[in-house]
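Each of the next two complexes has chain A plus one more chain, namely chain B in the first and chain C in the second.
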Partner chain A sequence: MKKRSRRIFMGLFEREEDVIGATRAARERGWRIVDVYAPYPVHGLPEAAGFARSWVPWACLALGLTGAALITWFQFWASAVTWPINVAGKPWNSLPAFIPVTFEVGVLSAGLGTTAVFLLAFGLLPGKTAVTPHPRVTDDRFALLIEEPDATFSAAAAAELCARFNAVETEEFES
Partner chain B sequence: MVDRPTEELRPPWILGRKGLGDVTRDICDVFEREPTALWWAAFTVSSSMLLAGTLAVCYEIATGIGTWGLNKTVGWAFDITNFVFWIGIGHAGTLISAILFLFRQRWRTSVNRAAEAMTLFAVMCAGLFPLIHMGRPWLFYWIVPYPNTRGSLWVNFRSPLLWDFFAISTYFLISLTFWYVGLVPDLATARDRASGFKRKVFGFFSLGWNGSTRTWVHYESLYTLLAALATPLVLSVHTIVSFDFATALVPGWHTTIFPPYFVCGAVFSGFAMVLTLMLIARKVVHLEDYFTHRHVGAMCKIVIVTGSCVGLAYLTEFFTAAYSDNPYEQFVFLNRAMGPYAWAYWTMITCNVISPQLFWFKRVRENLVLVFLISLVINVGMWFERFVIIVSSLHRDFLPSSWVMYYPSSIEIVTLIGSFGLFFTAFLIFCRFLPMIAMAEVKGVVSEGRRHSQARPAAAPAEDLDLDVAEARA
Partner chain C sequence: MNTEITMTMESLPRQVDETLDADAARRSRALFNALMIVGAATVVVGAAFGGARFWSALLLVSTFLVGLGLAGGALMAYEYLSGAGWSVAVRRVPEAMTALLYWGGLGILAVLLLRPSLYPWTSPEEHFIGFKGFWLNRPFFLVRAVAYLSIWIGLSRLMVANSRRGDEEGGLGRRRLNTVLSGVYIVTFALTVWLSTVDWIMTLEPHWYSTVFGVYNYAGIMSSGIAVAILLGLWLRRLGPWRGVLRDDHLQDWGKLLLTFCTFWIYIWFSQYMLIWYGNVPEETVYFIRRTSGAWGSLMLLNLALNWVVPFFLLLPRWTKRDGRVLGQIAVVVLAGRWLDLYIMIVPADPSASTVPTLWDAGLTVGAVGVVCWAFWRAMRRAAVAPVGDPYLPESLHYHS
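Now for the complex of A and B:
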């Protein structure tokens, strides 16, 4: 899927408090925040940028419960239905004895499944080429990317806003 | 300027007034430069130990379990001791990475990566022992419930040994996932600094990570979930290991205190091992600013707590035996403290109950040489704990005619040495090629304990911003 090219304004910052402030100020002006790149998860930044809360916990719950339910059924089927074996006279369906394996498999499917869902949903795949707005965003710089929707957007105003928050560099590019 | 004295009162976890770039440079430098002579020396020693262990295991597999000192009374001894010992070592890694994360203990950021790696290598060492104890390790996959040509004959889901298989494989896979997920942003940092072949390798494993906040939001959620899953998991693993013993009707094993007792002991021994490793590593690779006296102090305090819990468990076992009015139970405990293995029992008490009490003194916690020595003593003590539980309970059973002594054979001792070789070789390779401190996490705490007005030049919006950040942090 080829996206329509758009003009992006980028401000580069050195400190988390600057990028949080600039992001919040840009959002208050009604500018669309494409993304904010940071070398570590900055607390308060997703809220400042207005990004939604994560849906990942729901995937985790669903996968964990599915895994636990399937293994419970499987243990019952293997121990009591397909080939019941008398182990020290214990009942065929020894549900309490199935709890440890149910728990372990529930955790396993929740953990591995959620990680797989996360990686696939964000296209984080082995060998994928990283697209970074600036080579130092994985090191010590924060990049705020604002979309320039039309001619009413003033790059000068954006540059002025970034400068107010100690931006070290500003740039415009097509994406 | 709004004055916030609390920030000044709390000393920083990372010393040397590091900036974000300094963190990247200091930590990447460890694996970007050529290995030192010290590293090569350590690698030579540990890989030789690994080689010796491999030969011992090959000889054992080719000849049979008869190469060990086991007999018909003592069917579990050295091998299972090593298994429980290594599994326990692994638990501290998960405690640091998951439980301390959920409790927002930010000092963990300096140690969690290395501790998680330690967990993985310890679980590998642990898994090796039941595998070779099977006698026919090439048929190990029979424990997996898969459709087979024998019926299908399914595994026995009522058996603690099967629970153990599920617990340990889940533990390994979840620990590996947790470690790798934490590693991805740091691999991206390493990728963006490297060139040529190294850049390709880091690029392949960093999965195209670019530090986008849209991804960070979900990444943090995933990381918290993995921590929340790993927390009950780590408690379940040693609980299930203890079931291997507790569900047997052997006096000395058949007791309900085993799960909490084993979990405490595991965390206790694991922290001792993290201290041992990190105290060496901080000197060898010069990361003293990141792993400071405060980190050591915090870990020593956890050692006091878990060590005291273990001591309480030893007392409880004796009380339960005395109060049970069961002569077999009482005999086992008297035999432990005063029988032929009394030397092992009192080694255990000295190392595990008495030595960690020295950590109550600040002077001891500040003296890193002493902390290092005590951590070694605890490692020895915890190995003996498992030996005492297993061998002293088995060697004098209900029939005095079958009472025997157990002594390890040379093959068993070399196998134990080999497992240490595997552990240290893997750890050295990890230190050599991967960031051993979680950069993306340390960067989040470098500015702690530093007033923002000091941390940057005076700028027009400084006051509003400080308030914003304070709100965001709150």
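Now for the complex of A and C:
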């Protein structure tokens, strides 16, 4: 499915306080914020943009619990059902002996699984090329991207808002 | 979205009294004075009429208090050694906690001096040979106890004094000095926590041994220490002086540390349990057989629930760590867990002891709560509410976790 192209308004800033202020102001005006680019994690920026909290931690919990449960079942099946071996006179289904492996596999499946979920869910598989609205957002510039939904959106108003927060550059493009 | 007020360096109150809710403070003070009177009365009556169970209760409460004092020093040392900025605004709490070393130390010395028979190896019928014979004799035992306590108190006092002096001096000088002291503290802390818990708790059963015992107690010391820091911080925020200083971001990071150390505790608990269970050597398993049979078995399960299961799952979400009310309740659970953990270590060492806690346990524990509040209050009045001279303070007042 080809995504419908949309018009994007971009404001480019030099300082993190400015981009936070502009982002908050744009959201307060009801504009839809596509994304905000910054060369490093900026405290308070996700809150200012109103981004929802990530669901990835839930995937981590589910993967960890699933991995731990499966390996517990496997150890029980392997040592008590399909090939019981008497080790040091312990009962076949000795839960304490299973716990170290359960812990390790729980951590392993949570760790590797979360990485995989993250890469798949956000389309960051190998071969993916970086898409940046401006080459300098990986260096010393901050970019605020606002969607222009229809003709009622005024690019002039957006440019004026960005100028209030010392924008160094504004631009409109299709994506 | 962070809607709390943020303190700036200019609006920061210097003294506790400046922004204190005087009525609430008076009520708190009356309460902890009453708790201390209960504790003092228990000590007087117990010392005169109490049997072995009074002294084991005193040992329990005193090791608990010493552990809190040690955790205070360790939290300071970790901050300096890691060059952390986030915890600077709340450093006065761990600093104040180190004062508990005196009161816990006093209790431990009282037990060792006045009731040596709590330790079966002092009996003339016990004969140990080799290194154990050299290690377990009363004079050396007492000298060691005094040495551990003097090292801890000496180093903590130096670090606290440096930190307070930094309030007027400013700059990095005092911080650099404390970083060096922290290195010394961490190394001696590791060795002495191991040796002292072996001395004071493990030799209650001198034929049993566990090489991880010191690490196990270290885990309990840190989780209970962080829990107390959280509760004292919340208390100070409710009374006024820390409004805007202790932020939800600090609570979240303390919560993360609590989660870490609770998990570390179960890791070490299980390491000790599994090796003894797997090895199945009679002189090792005797410890767990006694503690898993009958009513002790239920307490053992409760111990695992309080120290790990409950705090672990409750601390996983972000909001529980940022909500002072919820985090405070989790901290209380962890403290109950540490108390029960020490109870299970100390009390069943005497095979005739009942599972049910005695009035001595209750009275002394109530007194200990009073001592913690009182010592904290006293220490907080002696310095600015936050280390105002520390160059990292503005960062700590504004950071996001």
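What we mean here is this: the second predicted complex is superposed on the first by the 175 of 175 C-alpha atoms of A that agree within 3 Å, B and C clash if a C-alpha of one lies under 4 Å from a C-alpha of the other, contacts with A are read in each partner's own complex, and residues count from 1 in each chain.
We adopt the following convention: a contact is a pair of C-beta atoms (placed from the backbone, for glycine too) under 8 Å apart; a residue touches a chain by one contact, two chains touch by 3 or more.
Keep in mind that this is a model prediction, so the values were computed, not measured.
Participant: Kindly say whether there is room for both chain B and chain C on chain A in the superposition, answering fit or clash.
Facilitator: Clash: chain B and chain C overlap once superposed on chain A.
Participant: Could you say whether A:L125 touches chain B, chain C, both of them, or neither, answering first, second, both or neither?
Facilitator: first
Participant: Tell me the contact category for A:L65 with respect to chain B and chain C: first, second, both or neither.
Facilitator: neither
Participant: Regarding the shared-chain residue A:E47, is it in contact with chain B (first), chain C (second), both, or neither?
Facilitator: In the superposition, A:E47 contacts both chain B and chain C.
Participant: Could you look at A:A157 and tell me whether it touches chain B, chain C, both or neither (first, second, both, neither)?
Facilitator: After superposition on chain A, A:A157 lies in contact with neither partner.
Participant: Per the contact definition in the header, classify A:L95: touching chain B only (first), chain C only (second), both, or neither.
Facilitator: neither
Participant: More residues of chain A are touched by which partner: chain B or chain C?
Facilitator: Looking at chain B versus chain C, the one contacting more residues of chain A is B.
Participant: Kindly point out the stretch of chain B, out of 6-14, 24-32 or 150-158, that overlaps with chain C after superposition on chain A.
Facilitator: Residues of chain B that run into chain C: 6-14.
Participant: Go through chain A and flag every residue that touches chain B in one model and chain C in the other.
Facilitator: Shared contact residues on chain A (touching chain B in one complex, chain C in the other): 43-44, 47, 53, 90, 97, 100.
Participant: Quick check: in the complex, which residue numbers of chain B touch chain A?
Facilitator: So the residues of chain B touching chain A come out as 19-21, 24, 145, 151-160, 162-163, 166-167, 169-170, 173-174, 177-178, 181, 184-185, 188-189, 191-193, 203-222, 225-226, 229-230, 232-233, 236, 240, 243, 439-441, 443-444, 447, 452, 455-456, 459-461, 464-466, 468-469, 471-473.
Participant: Which residues of chain A touch chain B once you look at their complex with the stated criterion?
Facilitator: Chain A residues touching chain B: 14-18, 20-21, 24, 35-49, 51-57, 60, 64, 74-75, 78-79, 82-83, 85, 87, 90, 94, 97-98, 100-101, 103-105, 107-108, 110-112, 114-115, 118-119, 121-132, 135-140, 164-166.
Participant: Which chain C residues qualify as touching chain A in the complex?
Facilitator: Those residues of chain C that touch chain A are 1-2, 270, 273-274, 277-278, 280, 316, 318, 399-400.
Participant: In their shared complex, at which residues does chain A touch chain C?
Facilitator: Those in contact with chain C are residues 43-44, 47, 53, 61, 88-90, 96-97, 99-100.
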